[in-house]
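Chain IDs A, B, C and D follow the sequence of writing; residue 1 opens each chain.
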């Protein structure tokens, strides 16, 4: 426990470390540097007071795998929903249904891997299903993801069977499809359910954005493969709806977040701003490619690539906007100082 | 009133009670050059120029006298206001800032003209009493003045002398000297006057912000005059509290590891005035007052040290004691070391190259030694820096002994209120770590063995020394309780502990290691170890630890009652005369002969304690009175006078005499001073201080990550004005230089260190905490490198709270 | 029994005894040795290893009850800590049940359960709880849950020399705070006010078990002016999601149906 | 795994507890782990508690030192002290690190003349070396009388400077032994 370089510097021969924080692991080398730069002596004037312009919130600790999961989870969710719908259409779309189920199954596995990779203590991933806590979108989401992946997997495996097993498979497929709906959108609720100003501000429009982007993502994913004509028609329609909705949702998010200048800022500036614009352009381009009258294989591929890139860029944009927003104390202060929520506070 | 102290930062838990008082309506006034964490919660904060406190306090004295706000009954009966001073006395008013008796040749005062009328001259009992080189009476001739004037009208009575002396300390003068606006000054004056008298009291708290000056003792004297005039001494909620900085620094003064004292404030043997024990006792035994008891304490000490070998016939081996013949205090000692006069040096838990003054000279001195012993937790700057630079040139041998922590040994600390508290051993010390008690005992055993066969007279004391302390535990640790028992004192016949100094005798029948501690083990009980919970006893808490003398918590507490022995007021009831029982009683042990009626008047020619009247509370004084005017005891004047610090950017606005004439200087090439006021080389005032997060030289705090992270780097505090003037960047580096050397520090620009506006212009001040050094988990330059050897004449304490410096952006060039 | 802290910043002397007592009792590591230039605050913020943090504010405004030669100036100090909110963002966000509400009505992170998902970090409107990267788990003030189990006062409150940090039963603390506030207003310190003392004054959190007496805007101390526990508004988000999901379902069915009419 | 075992494991699964207790939020009870249930202050496991006094400033705050397996596990304020009522300042609160810190040196170190580094030497030998050097210095610098007559009976070749965290008993032995040796240059932080 104790040692020469653990930040407690206690000689084990002389003292015992038994406190609640004694088990806190410290990387070798010097203790974590929380603050390097020298601040101004007095709080900076203008735009209201802050504490030496220090952030009031802690920056989200999530890494790249989380926004990637937003995409995989969304894509599989939309794919499962589409597969469920296709299931109702009868034999013609049967291969497409199986394809959707496999996307769900593989996507589920990938999603789980991405999430576990982000954990501070990956070996404790199973604690995610330790309790069911409805107040926590992450808890709800974990159960949904687990169930959806399992059903999708089962449905995929039973996809070619006949008789009873096939029935079971279809049932699982429908279940997965139903779970696919929240799976595609709960991640928006998850980020909206935080203290991060830009996410909090956009909590009503973000679900629309994420689900629309999931549709677009799924459609674009299928665009990458080769499709039978009818399958292509399904995917095209689904994609057009998704991409159009996504563009609309983007505008909605901007207006919702933009109500407080400081809060909307990350969507206009820096890395997040750039990604946000990229997402818009890519999605629009993908939509255009899809709408091209003469549907060529190459156009389909282009639409798929643009759409996928757009969906990914969007998730990363939202992710980084949150990080930037949490670093800006004034975003929090201004958001809470809206006339609407003025109270006794001086 | 807190001045010369940053109590909230340096004594946070002591400050708990200040905040408690504030919650109950007390006003907290903080007078300090800086706006500190103490100022932050004070009702009134008064920034003043570092080194100008006497002018400020003098202004308050004048205000109280001129506005007639003094406590008449108290002043007339309990102070020497009515005493008539010798006709030969001349004040600074008449002699341009000097008192009568100044000898420019020797650079000393002859204090004989300061005596009471009719009282013979005596050399000061201050620590350099032998500096004048003249043998003579010390306390022996102290006695009451032959004439007094209770109407306080006589031109030569102390009260009138006082009034004349402070006449020029007007609010305008305060503004000119201290830079304190008249209105703010008057606010302070009104506040303390309004909170003094029968119903209320004002307390003064000070620390090294007052002592570390070339006129430090007189700072405290001024406060004493103020408190006596307001009737705030010897009463609950009053007094002048020295906030001392180390766990047992009071103990190391009471049981002095100081060159000029023997335990219990008995003077050391003096070479010039030698004449054996008889002469020593004669000189130090006061005719009247408590010091008449002197022989009992001196002889009992000799018995404690030399045991059976000490007999009346051989003067209890008094002649075996070494004699002093001048100033051998810290700086004198280090100067002698630097001159190659010292061979061996013991540093026990002390780190002078960081904690003392002028690190450069300290290191030079260490390089001249044959050997040095350092005892501490870890290797200190003092143990290494002086040879690390050029090992091949430094012959000095260095022994580093790891010490035991307070949790690894039994023993007593004496805290700042004279309270002895026993700390119990919790665990055995690790490895070769040992207590100083262990080190001294076993070093003594070895030396006794080395000298066993000697017949040389010089070795007699060592051979006779009682040293057979019992040891305990696997490491033969001496039993601290046995040492404490010797300090308490015992009857030689049966070794039974004495109940207190009252039982000590001058005939060799008792032994006592320190008379003021006598009684701490009365009845064999370890008084300092007493721990009755606060909740289970009175607010005075007499059953927690043991306070010297006689477990008395408030000194001179007879003054808490009026001359007739009745409490001045119900609110301030503390100790009073119980007519029925015919004795003094109250919340505390009365600091007075317990059965002496207030009406008692000593017969003519009464001697010793019998000469103390029933209404004379200050029993240690020859006249039982509080001294507004000090007829003896001081080397730099009977009254406080404002002098500028050794290094000051301005000229003394009060007198032509710039500095304390009697200050101690070390004029040597390796200790340059910056003299001329207005010399552009060092235009700013520098002051040094502590932070809550660190402890003195840092050896006990810079290794501790939990403290080091709170104040990781040395910084200097400067005002925005000075930062702009010199182009200092907040958070950047600055180099601060004095006549001695230069150091570097990070810049903290803050309004908390204001530029002081005087009539002459603006004086900028630079603030530096002094906790850093080259060792530890966090390191940095040591502020004390900048400070020179120069001291107050009475106590030889250096001046580190006000000196001149320059500051420039950027890091220093020279290597550490 | 609900317990908490009442931190009266008007008597804080910024000694940081609370910071050290907390690190000593909980045996937390240092956060590195860095001169920040933020007055006397060199630990900068609450974090995974700093569960008490004293902020220092040098402001060009005088305190009502204080007169200083510096004129318009005062130095504010505040010992910050986890608020143990009545509606706690971290608690409601935690998916593993590592964070829970104790029998003392405090919010506690179980170090043996936390898997470091990091969701609580984003959910705390006060920026208190944090994940220590080299440890992988989220940490914050436990309100000395272990000491409470032994009827001991939390380390910080016990050490505090001036009783700026007061520990006790919540209702009793609120009364004390109200009395103190009245005294200050009486003395003319009109700027004094209570932050998060109850649900009425801070509906967003339902009130704080660790509340404060301040003399300036919350922003000055780096406190959010109107903190709201995120789940307060989760309903809106879930609703929006349901609507969007239905839209997707419709789109899916629609595209499938439409595809039938299309020509091969 | 036997079915009973599986059932047992299942029943310990917090979700199962949720269903059993009908707790749909899982914000408290069911989420508790066995470790949490067993949580208690470490001071309850101490073998002994020792009363001490803070070694930093002169206020003299009371401290309680908790010892377990002959090692210190905690040092905090003593609530019984009328001086401190259980409070400590940051330094006092850090005492645990002061006395148990890895910075503490546990062996005697010696640096010889012109030496460039420290070497470890045994305590007993070091004590002997110091005693011999004290004697040598004393012999070489003894002053019996001053040129103009007065007796000095001392050595100016030895000096001592003590810190002010030494116990009274330690100061007493320092003053007693050094004075008996004729050392007068005995000084202390008390003057600084």
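What we mean here is this: a residue touches a chain if its C-beta (ideal position, glycine included) is under 8 Å from a C-beta of that chain, and two chains touch if they have at least 3 such contacts.
As the structure is a computational prediction, the values presented were derived from the model and not from experiment.
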Innermost chain, where centres are averages of C-alpha coordinates: D
Comparison of A-D and B-D (more C-beta pairs in contact): B-D
Computed distance of Cα centres, chain D from chain B, in Å: 27
Geometric centre distance via CA averages, chain D-chain A, whole Å: 53
Length of the line joining the C-alpha centres of chain A and chain B, rounded to whole Å: 69
Distance from the mean Cα position of chain C to that of chain B, given in whole angstrom: 46
Junction residues of chain D - those touching two or more other chains: 14, 26-27, 30-31, 42, 71-72, 75, 79, 87-94, 96-97, 99, 101, 103-104
In chain C, residues with contacts to at least two other chains: 15-17, 19-20, 23-25, 29-32, 34-35, 37, 39, 43, 58, 60, 92, 97-98, 113, 145-146, 161
Chain A: positions in contact with at least two other chains: 7-11, 13-14, 18-19, 31, 38-41, 130-131, 133, 135
Partner chain D, residues of chain C touching it in the complex: 15-17, 19-21, 24-25, 91-92, 97-98, 100-102, 108, 110, 112-113, 145-147, 149-150, 152-153, 155, 158-161
Residues on chain C engaged by chain B in the complex (per definition of touch): 10-17, 19-20, 23-24, 29-35, 37, 39-40, 42-43, 58, 60, 65-70, 73-77, 161-163
Chain D residues within the chain C interface of the complex: 14, 26-28, 30-33, 35-36, 39-44, 74-77, 79, 86-94, 96-97
Of chain D, residues touching chain A in the complex: 13-15, 18, 24-27, 30-31, 42, 45, 68-69, 71-73, 96-97, 99-104
Of chain C, residues touching chain A in the complex: 23-32, 34-39, 43-45, 47-51, 55, 57-60, 89, 92-98, 111, 113-119, 121-139, 142, 145-146, 191, 193, 195, 201, 203, 216-228, 230-231, 233-234, 236-238, 240-241, 243-249, 251-260, 262, 264
